[in-house]
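Both complexes below contain subunit A, partnered by subunit B and then by subunit C.
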Partner chain A sequence: MRSPIRLERRLEQPKWLNWAVPLISLVAALVLGAIVLWLTGKNPIDVYHRIFERGFAGKQAFSGALEMATPLAFTGLCAAVAFRMGLINIGGEGQFYMGAIGAAWVGIAVSGTPTGITIALMCLAGMVFGSIYAAIVGILRAKFNTNEIITSLMMNYLAGILLNYLIFNSKSYWRNPDSPQFPKSKNIAARADWNTYKIFGIEMPIAFLIAMLAGVAIWFLYKRTRFGFEVSVIADSPKAARYAGIRTSSTIVIVLALSGALAGLGGAADVGNFRGLLDAKGLQMAGYGYTGIVVAALARRNPITTIFVAIFIGGLTKAGYSLQGPDFPSGLVGTLQGLILFTAVAGEILIKYRLRTNVSRAGAVVA
Partner chain B sequence: MADRIAVRMSGIVKRFPGVVANDGVDLEIRAGEVHALLGENGAGKSTLSNILTGLYRPDEGSVEVNGEQRVFSSPRDALDAGIGMVHQHFRLVATFTVAENVVLGESGGSLFMNEAQVAERVRELSDRYGLAVDPSARIWQLSVGEQQRVEILKVLYRGAKVLILDEPTAVLTPVEARSLFATLRAMADEGRSVIFISHKLGEVMSVSDRVTVLRGGRTVGTVDTSETSTRGLASMMVGRSVEFERVVRENPADTSVTVLRVEAVSANDDRGRASLHDVSLTVGRGEIVGVAGVAGNGQRELAEVISGMRASTAGRITVQEDLVKSGKARSAIARGIAHVPEDRLHTGLAASHSVEDNLALKNYRTSQISKFRLLKRGAIRHQASTLVERYDVKTPNTTTPVRLLSGGNVQKVLLAREFSALPKVLIAASPTRGLDVGAIEAVRERLVAAANEGVGVLLISEDLDEIMSLADRILVMYEGRIVDDVPADGADRERIGLTMGGSSTKEATQ
Partner chain C sequence: MKRTNKKFAPVLLTAAFAIGLVACGGDDGGSSSSSEAPSTEAPTSEAPSTEAPSDGPVVVDCAPEEGPLKAAWVYVGPTNDGGWTQAHDEARLAVQEHFGDAVETTYKENVPEGPEVAQTIEDLIADGNTVIFGTSFGFQDAFVEAAAAHPDVCFEFATGYMTSDNMAQFYGAAEDTDYLAGMAAGAASKTGKLGYLASFPIPEVVRGANAWTMGVRAMNPEATVKVVWLNTWFDPAKEKQAAEALIAEGVDVLGQKGVDSPATGDAASAATGVLWTGYNTDQSENYPTVWLTATTYHWDVYEIPRIQQVLDGTWTTGNYYGNLADGFVKLAPYGDNVSAETRAAIDARLEELKAAPGSEFTGPIKDNKGNEVLADGVAHTFDELMSMAYLVEGIDGEIPAS
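Up next is the complex of A and B:
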């Protein structure tokens, strides 16, 4: 290769790169974004200022960011949990729908139970639905070695079809009979139980608190428990895992079930904390499951970082929605998000490899 | 032989984080010679050849090719200067033909390749150097020996004048090795230079003109092969003389107690073909049973079945009357079976995990290391620092990933874990393969010490000398069966060699 620059694999990955590289990637994305903005005749500084103002600055903006961040935190954790074992679960989207269906079922059914119990039951239903749905992918992978990327992706479409069927094409338990013209689900009576707390003037949805707890719990599970150790050995070398007597097949199923449970929990939060019904169309338009994969990738599979990245992406999305207008095309924030992902993935390479120039260093010989 | 200097490397220094791999190495290669590069693992042979082929750049020192100072920035640069490397692990595209692999990656080639012309050139080269291989055959159809020939052809095709071969015989049968040596000689006679990296003393003695010995990243010296001996080279390599003789045991084997019993076990290989047929054997307390045989005759499957990594299709395995569940490594570990697998870095260890995690790889389930399913990090670290010291593992610290350690230290980590578990049975598969003389000696001492303490050892090895010097009893495997069972003391080498090659014991004793 005679290009002036080449990549050399790093023997050791210095710790400081873990935060320096993502930061530099972000700055690079902003610079690239600025060029795009400038080319389209906009003042980049002005646009960034507005995004920051609407997305993050001030209590109201930040509250909005948290609301947008909540589903992404759950789907981000869903993807990160599977990534950790080298499993690529694209199915967060479908597992999120299933969680929403399960939680809506409970939410419609219960009434008069104490607040805590209602929330717990809805969360439980969401987790069970999401985890069973994902466990199917895990069992297929463990028993028949089918590619989980394909199966989990296809199951997203299945879940979408099921959602449409329940709300638009049938007189299901979920469908609201009082609204024949505009098909929608029954309202969730338990909606009122899902609180939003005011902490230092910031509105903190209870679901976001649950997401943070889940992030910490996952971190603990992977760092400090036997199960986490087994997962990391399987990810490193499946043969070594077999050699050490680790039950790989059941671990695959458990990890995917856990991954699905997190997405399902997100679905429950969507129904309970935000929409107050099973919104078949809205869920499929939002695409939380897919954005969650991006969140987990940006967070480099770290469950704690995932929460922060979710806030960041949430704020950007929020700003995008509220600034949309004639002078602010809706594609702008999407473009920016794409650039951020692009530079983050490029940055990932810099953590593993180092750049070397091919200019000869004759001086070294003398030294 | 012309005394023209083809390559001169002087004062080469290469540092890696925490290690100085080359610390002032000098190497001089003449045109038309086979020059052996000998040294223990971690002596700096691979680093040196990687510098010569442009993969690494030296921190200090100079490289001269044909009297001209050069700085290579890539393997292609080095190849343009006539230096080519034949790697230990082949870099071939399995579905391509030999000819296609030979031209693959060639610089300045046209978009379309002239298959006939390339094939003609390949045939000419292979005739000239005795590298018999069909240019139109596809790589996956070839034996390992033939694939190596393709690697050599690739380098020759690009006009290399200096060929570096990294442990070329490690993958070859004795017959293939002999033919390789003839090829090397033919190339040298034509004025090319061959750098032969090895730690097999016998080979170095038989194939090379001169030998340069490295130790601890420095050049110990360069000698004419005709003026040295195996023993002389061994002492240069380790800095002291090493004995290869039959060990005398402190505590002899007690065969009245059987620790491992394998009864009529059959198993399939990875592709589902029957590869172990009705194998029965026993190992007594403190007994070392050697399993001899040419690689690929079911030894790997035997080791994996006993250690629970592979399910058996028939038969049963017991450790002191306790059944080992078929295909359950956890059961084998619980019964006290330790296993040193052939593939240390990716089967015996999790390569990207730290030394301390790897030392806990088998006992992380015990109450010593975890409680209520939570890991006790302090206990893991404590265990690691104890074992690192007791087994003399050289590592910057216990959190270093094992993949960064040298081959000898990788094996030490593995042995430390397996021996410290106080096993009843130890399955050791090629435990010294690829190690340097010093490390080989250390591993053998550990094996003998374990047997002295009453561990039943099943030593699976292709190295007959190793089995002859350590084992109490020798089993010979051929095509998935045990074809011979003889006491090691006074065993007839020739008979074992013949049964390994498929002759019946009757033929062999005649």
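Up next is the complex of A and C:
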């Protein structure tokens, strides 16, 4: 027996679907969430009000959301850039660590340079470390056709081991020799601290501005340059790209290096704007790289949308901590967050496909 | 030519970023920048401040004007981790039960060590909490900063070392119960090869590994203990793997310190003839076949009187170190694998340690490189205990980069 409903690929995707589907997905998530909340004896309106109040509304809440969003914006861009070419870079996590290692090195070492130049040097170091680390994955993929999902994932663990080695298991340059209580890294120099601007009472980390700049730059690169065009040709059909004389191998390496540079920049921001040192333990607890993959998927690989989705997830994360407590298990918070992500990704399918009932189709054939 | 230019677009963009940043950061002298202090700058020296401040402690009034006192606990792991965080949450429930309607408690679990800590504290204060407990070492910097920003909130911090007028420290002599658990382990080992899972190479954990090993060798003088460092507080999968690796090397009794889950007990249960001393909570009923005993913490022994002080308006900062005598640390019930003889020996030693906490660290003690650490009859000072950085004779392993 045939299913009464089936999916049919849309021949053309109407523009209005691009905003209508995510909106409907969000509403669907809120309705499903309300049912779950109601079943567990909570008042959905109160809960949603609190999510909004503590995650987004108000200066303090939004400042917190931006702080949470900043690393996710970078790792989201990292994943989006690679997804655009059909490359699945799971390695944002490790590339983020490497960027933090590079930037912390500069931040600790600098003396005498003005803050602006120091920030630029830290960014550069973060990007170089992140991009080299990701380029290894790219070279393996381009030369030996190794599956980048597996290599990039494995390299996350390697980067974690390197972090532990630098801080816990060696007397590295990064390790603070004057901390007998707990092994930790040296603090970056005071002048290597990144600025946080106050705009209309909202605390805007400079790193978030850099992330927005990066989002626009990536959009420009992919939409307005020949390089971007080549990437989309390769994404659609690698064979066609080769016939057209596009050098796919080097493009793979460049795209992954660019992807890694973005994650590395995020690592630099983590050191410079937030923690002020190389936090080996905290970084591995945070898992920014993995969340970034979700951000990119929700943003449908669009670099500009990625920034907004990062704010959304950042605010949701912040609100999640504020919701949980003895009468609100953190598992329920996770369920609500999961519902929103699930419906958003599920809604994606309705942009590419449309639902058809088999009954009407049969009728059409008869007619 | 033109094509070459476009090819390098990503590289050029990258360079453009860097240049843009210089321009961006250059104007930081302007009034628009609010340069925030880095969250990591320690206001005090790194040395443990065990002595009371010279001008006497200041009474901090953090009781609410009206309504119940709101107290909050911030946890690094889940409340059902079967270990560290669970023990803390059991104490919270004990506090709630003790004070009833006079106190309203809440908690935040799974809070990672990072910017989330400061945000969570702000959030709790916005909800009206005026006593905040921190239970993970990595929260310390955020707590110090929050304490400075909120002088009318009482901060209580477990396992740290930095105090201020409104931030107190509390912990206890787990090394004493670790030693007693080690005795049970040593007596139970047939092969004389034991394994110890340790979290981070920090004084607290080093002290535990040393005490456990000395306990082992008090019952089994030739025994050796292999120590592995996991570099995590809570990672059941990693803990289990490491335990399995030790079992594969022929270890027949396992101990643990600083790693918060009972995953080691799972690994021991899956093997044959392997026994286990746990950590944090009494798991004798969940792991009856492998259970020996464990160090358990009773945080409420400290927390209930402290909350009472808040209600009485007499709360001052402090640096508490509990012990067997006041019941802050206890030895969990013995498993069936601990013989009557061993129980008697441990119980006798327990009375000695109750009278003189930390006295298991009395010479002669040699480190595992053969150097004498303590001469016969000499004991460690409290500060020496708190900054321990050597491993005792009998441990197969080393403190990385010590």
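Definition applied: the second predicted complex is superposed on the first by the 349 of 367 C-alpha atoms of A that agree within 3 Å, B and C clash if a C-alpha of one lies under 4 Å from a C-alpha of the other, contacts with A are read in each partner's own complex, and residues count from 1 in each chain.
Rule of thumb we're sticking to: a residue touches a chain if its C-beta (ideal position, glycine included) is under 8 Å from a C-beta of that chain, and two chains touch if they have at least 3 such contacts.
Fair warning: this is a prediction, and the values are worked out from it, not measured in the lab.
Engineer: Applying the touch criterion given at the start, work out whether A:286 contacts subunit B, subunit C, both or neither, answering first, second, both or neither.
Structural biologist: second
Engineer: With the two complexes superposed on chain A, say which partner A:225 touches: subunit B (first), subunit C (second), both, or neither.
Structural biologist: In the superposed model, A:225 contacts both subunit B and subunit C.
Engineer: Looking at the overlay, what does A:168 touch: subunit B (first), subunit C (second), both, or neither?
Structural biologist: After superposing on A, A:168 lies in contact with subunit C but is clear of subunit B.
Engineer: Where does A:233 make contact in the superposed view: on subunit B (first), on subunit C (second), on both, or on neither?
Structural biologist: Only subunit B is touched by A:233; subunit C is not.
Engineer: Based on the superposed arrangement, let me know which partner A:39 touches: subunit B (first), subunit C (second), both, or neither?
Structural biologist: Neither partner.
Engineer: Given the touch rule stated above, what does A:6 touch, subunit B (first), subunit C (second), both, or neither?
Structural biologist: Touch status of A:6: first partner only.
Engineer: Going by the touch definition up top, name the partner, subunit B or subunit C, that contacts more of subunit A.
Structural biologist: Subunit A has more residues touched by C than by the other partner.
Engineer: After lining up the shared chain so the two structures overlap, which partner does A:244 touch, if you call subunit B first and subunit C second: first, second, both or neither?
Structural biologist: Touch status of A:244: first partner only.
Engineer: Across the two complexes, find the residues of subunit A that touch subunit B and also touch subunit C.
Structural biologist: In subunit A, positions 225-228 sit in both the subunit B and subunit C interfaces.
Engineer: Can you list the subunit A residues touching subunit B in their complex?
Structural biologist: Of all residues in subunit A, those touching subunit B are 1-2, 6, 11-12, 224-229, 232-233, 236-237, 239-245, 247, 358, 360-362, 364-365, 367.
Engineer: Quick check: in the complex, which residue numbers of subunit C touch subunit A?
Structural biologist: Those in contact with subunit A are residues 3, 6-7, 9-10, 13-14, 16-28, 32-36, 38-41, 46, 48, 78, 105-116, 119-120, 122-123, 126-127, 137-138, 161, 200-203, 229, 231-232, 387, 389, 400-401.
Engineer: Which part of subunit A faces subunit C closely enough to touch in the complex?
Structural biologist: Touch residues, subunit A against subunit C: 54, 60, 64, 67-68, 114-120, 123-124, 127, 164, 168-171, 175, 178-183, 187-188, 190, 193-199, 203, 206, 209-210, 213-214, 217, 220-221, 225-228, 254, 257-258, 261, 265, 274-277, 279, 281-286, 317-318, 321-322, 324-326, 330.
Engineer: Under the touch definition given earlier, write down the residues of subunit B that touch subunit A in their complex.
Structural biologist: 16-17, 57-62, 69, 71, 73-74, 76, 307-309, 328-333, 339, 341, 343, 346-353, 357, 360-362, 364-365, 370, 373-375, 377, 404
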